[in-house]
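Alright, structures below, take your time with them.
Here come two complexes built around chain A, the first alongside chain B, the second alongside chain C.
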Partner chain A sequence: MHHATLDQWARGSSALHRRDARVKWLVLVAYLAALSATRSLFPMCVLGFAALAAGAIRLGRLPFAGVLARAGVVAPFAGVITLFTWLGGEGGRALAVLVRSYLSAVAVLVLVGTTPLPTLLSGLTSLGVPRFLVLVVQFLYRYLFVLSEQAQHMRLAAASRGWQAGRWRPDPAGFRAAAGVAAALFLSSQAKAQAVHRAMLARGFQGRLVTLAPPALSIADLWFLAAGVGACAGLWLAANLFG
Partner chain B sequence: MHIPDGLLSVPVWAGLSLVSAPAVAAAARRAQQQTEACRVPLLGMTGAFVFAAQMVSFPVGGGTSAHLVGGVLLALTLGPAAAVVVMTAILFVQALVFQDGGLLALGANVFNMALAGVAAGYLPCAIWGAGRWRAGAILVGGMLSVGVSGVLALAELTLSGVRIPATLLGVSAALFLINGVLEGVITLALLRGVKRIDAGLLTRTTAQSGAGWTVIGLLAVLVALAAALFASQAPDILESLTEKTGVASRARALLWSPLADYQTWWLGGSWISKLAAGLVGLVLIYLACLGIGKLSARFRSR
Partner chain C sequence: MQALIQVRNLRFRYEDGTLALDGVDFDLYPGETVALLGPNGSGKTTFVLHLNGLLSGEGQVIVCGLEVTKRNLAEVRRKVGLLFQDPDEQLFMPTVLQDVAFGPLSQGCTPEQAQARARAALAQVGLVDAAGKAPYHLSAGEKRRAALAGVLAGQPEILVLDEPTTYLDPWGQTDLITLLGSLPQAKIIVTHDVLFAAAVADRAAFFQKGRIIAQGSVADIQRRFGWAPPAARPANRPD
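Showing the complex of A and B:
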């Protein structure tokens, strides 16, 4: 499953894994913003951005092929836009759209692949994102796969009784059955939420998740921040001066 | 319709992030005040449900199936403020873990689907409340929710300089309409199913309606209408600009001629031909999606 691979990557150890989550967020945003603000993507400039992404993959000891394949998820949406821009007679811009969205996806994957999600989220809290929102995200991610698995079981059970989603004729009974399945799933999620909450209360939950204090920024973190933001800003400047 | 990174121009994503961030923060504060601590797991779990519910496919005939988007359902079961927070959380996880939608574009996606989508979807229920018109309100809400989100996304892409041909705009509008109707029907069917199993659950949560949400919902619909007008006019504006500056020679692609400028080649230039071009496009996209779906199903079953 998708998340399993990502979680596995995030548990690895490398120079990039050890960097503070806040610093990684800032560098990622700098990279994405620089990529987005560079209007004319000429080959040298694309190479520069691609080299930065490749360097980050290497630094994080992530599998190149895996990251590059996973980033291909953006292809359908960006591909359609690219196609129409191309047909509109703007080949250069079409290519730029594709490169930009692909490299952005690679960059996000490097962040998620080198930082466990709880760490990423607590980094966001200390960057000023509302704690309540972060808490909801945390619960959502924690129970996402539990409920997805339950939905898959229900689907399997329905399929083994001869149920089929893609019939040609309108299928009101099938529609009602699907609504029943979704309703059962919904009620089960509400019951789970109550049970989880009781268990949390029993363990002394007081409205916020207690984590260890975020580690102080090390010198290496600061160097990484300076180098990352500097490289992105440099590329952006160079592209706008020579582009 | 989750916009990935790399398509929106800097003013668009930055501007929408500046709008979305304080709005979501305000919604989070409000939701936190309204909900006792016990509902934090509830919000996360209901968000996880919306994720999982996308695996439940509703057969709608024609060899296709639809699934729940969830904006209206969340607003009705958790209240609109909490729905904004949960929808934002969903979009965040989708962008981060599933690369479905970009991270810089998150502000725009949150604006379209979590803020405007939820507010517009809740509007009919805020006006008509829990009375006799409830079923109708849910249907209209689903349509508004999906339509408003989709139109806003198209307008943002156009505003960023992405040229979307008029035919594609028409086809997208038709798809939003169909998906919106389906969203309303699915939400209604789901809520009825819930009521059959546990009638008490929904009466506890749907009591809140307020003038505030009516105003916000109306605002969302108005913004979307303005955006729709803009998106449908923008190609013409851009085209007249390019013609004036004299670079129109290359802009007319030969490949695009069969459906160019809304017209099918065997009909005149009337609105019928626009409709026909839209329908032909719709059928083509439908067939393409059907083919891709069949292929991917075959791959998966191996």
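Showing the complex of A and C:
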């Protein structure tokens, strides 16, 4: 199984990786709030927010080029809005939309790239996000790997019997075969879900999921929280005073 | 001696009409390890799923003096720890520690107690260093041990292991034999691996077509049914 790049990044051991997930979530929210609440994004202000993001990338020892390139994933969505705003004669606002979207994506990537998803989700639970929502994401993520592995096995099994991905033709027979594969994958995920439920019952599950309490925040976590939120608030204040 | 598990005339039919168990009688006594042998589809796994109430058929299943009914399922499941064949089905929590603590938490332990039990179980299977890892980052052998730790953390009186050697290399199997030998619980082990069965089991029961047709030592069952690895199997298999 080839794990995603983000998953590999998240297994690092930098100072940012070691910070508590709850604290990182709060700093991210502060950053996004400050970025979106800043009325006018003049160049110095953009530089300030970009410097904060760059500092976080550096602190997390993440590859700059990799993060910047992956943050571009928002470009198609933000690009459409930017285009319409531009065409509406608001060039400044259009640019601000693009900058805000891109910097937000960078910030989210830094969080996801320095915190394994299970820890991120535990952090969300501790912050009071409804347990049911977190559970759904948690199970989805856990079994995405199992299903993806199963899909790869099916692909290998098909290839071993002469199937070639590049030679697939969108004709009725091809569609029927693809539908069959999708149905088989669906059925196996259904069977997997039943098996998981059975395993949960076997270990005493009675409908209510209890989890371990999160560890207490360290002094370093609290410093990080104060510095992160303080920097975001400072930038927002400066931007609104001088902008 | 009072049996830990008493099964009498157990019958079970799946929804599609397949008769999976056809009058099974079985006893398990404290401290003993019994291997369940038999061909694929003979009813071994279906049988063990009845022992902690995951399936419910006709007949009687008594665990530690409790008849397995809907009313006392929670208590029965505390007494019978079930290790499934595929560890991926059993490891569903975000980290190994959280997964191992799942059973104790579901049983009503406080988070502190659950964490202590989970760490002790991880130490028992030699996986302390993996506590913070996500289950999908473990090797197949580690997954198997983590799943076993999850069962042990529930502190069951009886261990039921369904094909525990699946995915394990020979060293992993040797480690498992040593580990099982060190556990005081009575055990039921469903396996096709007769060498493994001979190493861990005091006796064996042979399933065929939903019934236990013979019980005895592993060597005796091997001899009577030609139930041996291919290299050691006689050319003419007895019926």
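For this structure, a couple of remarks:
The criterion applied here is as follows: the second predicted complex is superposed on the first by the 186 of 243 C-alpha atoms of A that agree within 3 Å, B and C clash if a C-alpha of one lies under 4 Å from a C-alpha of the other, contacts with A are read in each partner's own complex, and residues count from 1 in each chain.
What we mean here is this: contacts are C-beta pairs under 8 Å (C-beta built on N, C-alpha and C of every residue); 3 or more make two chains touch, one makes a residue touch a chain.
Because the structure is a prediction, the values reported are computed rather than measured.
By the touch criterion defined above, A:100 lies against chain B but remains apart from chain C after alignment on the C-alpha atoms of chain A. Looking at the shared chain after the overlay, A:133 reaches chain B, while chain C stays out of its contact range.
Touch criterion met: A:71 reaches chain B, while chain C stays clear of it. When the two complexes are overlaid on their common chain A, residue A:160 makes contact with neither chain B nor chain C. Contact comparison for chain A: of chain B and chain C, B touches the greater number of residues.
In the superposed model, A:117 lies in contact with both chain B and chain C.
Contact with chain C, but none with chain B, is seen for A:203 once the two complexes are overlaid on the shared chain. According to the touch criterion, the shared surface of chain A, contacted by chain B in one complex and chain C in the other, consists of residues 3, 117, 138-139, 142-143, 146, 192, 196, 200-201, 205-206. Every residue of chain C that touches chain A in the complex is listed here, in rising order: 49, 52, 54, 74, 77-78, 81-82, 84, 86, 88-90, 92-95, 97-98, 101-103, 105-107, 111-112, 114-115, 134-137, 150-151, 154. Interface residues of chain A facing chain C in the complex, by the touch rule stated above, are 1, 3, 11, 116-119, 121-122, 138-139, 142-143, 145-146, 192, 195-196, 198-206, 210-213. Contact residues on chain B toward chain A in their complex (touch as defined above): 2-10, 13, 24-25, 28-29, 31-32, 37-38, 40-49, 51-53, 55-65, 68, 85-86, 88-90, 92-93, 95-100, 102-104, 157, 162-165, 168, 186, 189-194, 196-198, 201, 250-253, 255-256, 293.
Chain A makes touch with chain B in their complex at residues 2-3, 6, 28-29, 32-33, 35-37, 70-71, 73-74, 77-78, 81, 84-85, 87-90, 97, 99-105, 108-109, 112, 117, 120, 130, 132-133, 135-144, 146-148, 150-152, 154-155, 164-171, 174-176, 178-187, 189-190, 192-194, 196-197, 200-201, 205-207.
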